[in-house]
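Have a look at these structures, which come just after this line.
Look for chain A in each of the two complexes below; its partner is chain B in the first and chain C in the second.
Then we have the complex of A and B:
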């Protein structure tokens, strides 16, 4: 029971989980199958919810708890289920076919992580938050890396559905940044953001479905009629 | 009270239109809602002029002069486009665009249009009236989500391509704006009272701008500029714009190119004010000048070689987004005033141009210059005349109002010592002028042909004429309350 009151222990747990989140992000870059990618995204969101929950517990911040529960429900369960059903319905070839091959992509992700750490150093202000509240600050670098790797995945992928996944993991980076910098935005803002994410997944899902129906391919690089 | 009604009416109109079965009822619901919204926006503007900032729910919603101006412009465009849409969609129906859909009720496409447009307008109004930076972000993301299916309206392969670009580029761009918002919140996180909901309020941060963390605020501004700049279509994040504007149905494209541009710029202005009060105006100003001049420059070649007149108008919008961002970057009292004047004038002229282009493309069944065989002015005298006039206005010919605002921007540029930006502004302006006169002049004043003379369409031509009358009048005379509102908005930007 003592451990549950000790903020240092909490800090270690958060750091460990943040490291796992980063590993999962790089795994997503390396993974070839769409369905596995969706599940990795679900696991990543689950860890994020756990990080938010831990921070909420040690800072006794109820609104972060609500954000954690929402992450669990929306990003770790609902969104992956919706996306998997979409994959079943459109019966696409289930490989991702990135533009840059996997080993190079993983190296690039490593470089982006390094950049994330350098950027995070530059505006870390320990004096703003002290004591138990400083927990989670070392996750900022992970958050920025997630954001950058998400960007890279966005560029590196040709299929509509995998671009959606990249956008979602980028959004995960934002959530982690908000949690680690400021213990989450005010609750009503978080609610608005979650609502937007959910609607965005549905809108993009419908678009993916209709692109597949009309073009009979999900390769958005084949959509090249509009120029100039 | 006004604020709540202004937001709730369009919010309710969307689901109501969705539940109606007859096209005529949807039209009536939309027109009534946008009419009421327009009147409420005027009432809000008058209230703001009388009492200063109006707020609701402990300052969660707040309207100062700037918000009231943007909301008024949004509501006006929405009303005109709603009236135009009635004629436009009926014409589409006569042309058999919706053939194959169920005959007994209105086509699902029409239902989509009338249900999504109010939601789109609602999210733009929410954007301009929310005080909280996070809610502002959620609202502008909602504008994208509400308008994606307006872009896919015709369901063609090209519409899907346009919508996909629009949604993905918009989504990635706005995620940067979200990061900027988080950092802005963080930069004030050491201040007392920042833990509450009010800690993310623009007014809260603006009052304490001097105490915000400077490094974080700089980074926040860069991210917000990239994010809201994507939504405003600044180069090099502009690639979605010509596609979305040429694929969406014309009234929706008119709203996208005028009202939504204003909203994106509004978000940028809010961040600019915070940053310039925190770290001084040079840092944000320099970045804005860079993006502004780049956007103006990039649109010139595309305007010169353009074959499709709706894409031409889209590149014009990119140019004008650049002009407005340049005005903001120049800053100071004159720059801010010029920005607000230009925003007002551009909104009128650009939505008018899109409506004229819609008339032409429905009459000739094409959006390509080559395929408009005879002079527009010969087969559509009203539309042709107004089209030419609005084109002259948008490239900044006197006596139209955009000449005044662009001249004011130049004056501010040279007064402020931004000689390079001023010179490039003139150079690119000349290129745009040449392109517009060459293409649109050629199309409108072409030779007589066999094409039948268009009949009078009350909804379409009526809204075009009404907007044209506004354009002519504001060239010579701005009503005193509107001018006062514009000055007030400029004061918000430049400080007292």
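Then we have the complex of A and C:
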């Protein structure tokens, strides 16, 4: 019980979970199967919800709890289920075909993480970091890396569906940055963001389905040709 | 002086005795998870006993390398095992080397095993050797990065020192650098012990085998030495993982009661780690050989990140 009161322990847990989120992001780059990718995204969102929950607990901020629960429901459960159903419907169980091959991609994401750490280093002020309010400042580096790697994944992938997945993981990075720096934005902003994500997934899902129907492929480079 | 010798002997006996038990345990657990009854936990001992009593067939084309390889492999593995803190945070051969010596003694053994595979001139041996070398050339940098990460934390490459530092800092294994290094070393453990996503220890199908292909020409006592050496190597890597990252309950110095408590903890943690390995092995399919570099790239990146985050966090 004492551990649950000790902010230092909370800080360790948050940093640890942030590191795991980063590992999952790199696993997403390294993984070829679309369905596995969706599941990794679900796990990542689950960890993100856990981070938000921990920060809410140690800062006793009830509105962050709501954000945590929403993350859990929307991003860890609803979005993966929707995407998996989409994969079933358009009948592609094939592998992701990235432009740059997997080992090089993984090494590039390692380098991007390095950049993330270097950028976050300039925001680090050790003299202000004491007490529960400073918790999770280390996670900023992870958040920036998630963002950069998410961008890289979007550039590196050809199929529309996998680009949607990359966009979602990029959004996870933004959420992590927001939660670790500000301990939660106002609830109304938070709700707006979640609604946005949900609508984006639905619209993109329909769009992906339409692309598949019209072009009979999800390769976005084929959309360059005009069709009459 | 006598005590040092005694400690060394105790650790030697532990290495020799626990390693086959660990292999047997992993095999039994794997069978149970696949809803088979499987062999008993002691099966590896029976197999070693059987092999040691049997005669040998040595190919006509084999040179002295073929006969020297099992001994070199066995001795280098044992020597590496004695440089490791096992049931106390002291290594019997610790004065001769630390983490680097352990990694490269294992490398020496592997080098000779690959030569032994090539020596008879059979195509399978050459195939196995080239595959083994490809994978280990990729696994070694990842392993070194992870080892350096823990060594920086302790300011020493001595494994006993690393274990002592880890015992002193209670929650250190939760630090991101440690977790990343642990993940990298775990992938390396899977690759180096020839477990399923990389190699299948239970197959003799020519397309997929790596370790089995190299030792295809060996029989009788030589095969027993190689198999025993391989299981000691597996034990050694697991103990390395446990005592670098997770050493609570490890006494700082040798004593009869302390060593017993340390042994009990060690066995318990080995059990957990073996269960993790079994889970990975049953839930994954074997990778195609050309996909293995991808896994190793992930391990390497994890190791790099671990090293980077020790400096930046």
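To be clear about the criterion, the second predicted complex is superposed on the first by the 217 of 228 C-alpha atoms of A that agree within 3 Å, B and C clash if a C-alpha of one lies under 4 Å from a C-alpha of the other, contacts with A are read in each partner's own complex, and residues count from 1 in each chain.
Just so we're on the same page, a contact is a pair of C-beta atoms (placed from the backbone, for glycine too) under 8 Å apart; a residue touches a chain by one contact, two chains touch by 3 or more.
None of the values given here were measured: they were computed from a predicted structure.
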Between chain B and chain C, positioned on chain A by superposition, is the outcome a clash or a fit? fit
Scan A:66 for contacts with chain B and chain C and give back first, second, both or neither. neither
Residue contacts with chain A in the superposition, chain B compared against chain C: B
Once chain A of both complexes is superposed, is A:198 in touch with chain B (first), chain C (second), both, or neither? neither
Thinking of the overlay built on chain A, is A:13 touched by chain B (first), by chain C (second), by both, or by neither? second
Quick check for you: in the superposed arrangement, does A:74 touch first (chain B), second (chain C), both or neither? neither
With the two structures laid over each other on chain A, which partner does A:147 touch: chain B (first), chain C (second), both, or neither? first
Taking the superposition on A as described, I'd like to know which of chain B and chain C A:82 touches: first, second, both or neither. neither
Just chain B (first), just chain C (second), both, or neither: which does A:43 touch? neither
Should A:100 be classified as contacting the first partner (chain B), the second (chain C), both, or neither? neither
Chain B and chain C, minimum CA distance [Å, superposed model]: 20
Counting only contacts in the complex, chain A reaches chain B at residues 122-123, 125, 127-129, 147, 151, 154, 160, 163, 167, 170-171, 174, 177-178, 181-182, 185-189, 192-193, 195-196, 199-200, 203-204, 206-207, 210-211, 214-215, 220, 223-226, 228
Residues on chain C engaged by chain A in the complex (per definition of touch): 171, 174-176, 179-180, 183, 293-298, 300-302, 304-305, 308-309, 312-313
Of all residues in chain B, which touch chain A in the complex? 132, 134-135, 137-138, 141-142, 145, 148-149, 152, 155, 157-158, 160-165, 167-168, 171-172, 175, 178-179, 181-183, 185-186, 189-190, 196-197, 199-200, 213, 215-216, 219, 242-243, 246-247, 302, 305-307, 311
Flag every residue of chain A that touches chain C in the complex, lowest number first. 9, 12-13, 15-16, 18-20, 22-23, 26-27, 30, 102-104, 106-107, 109-110, 113-114, 117, 121, 138, 141
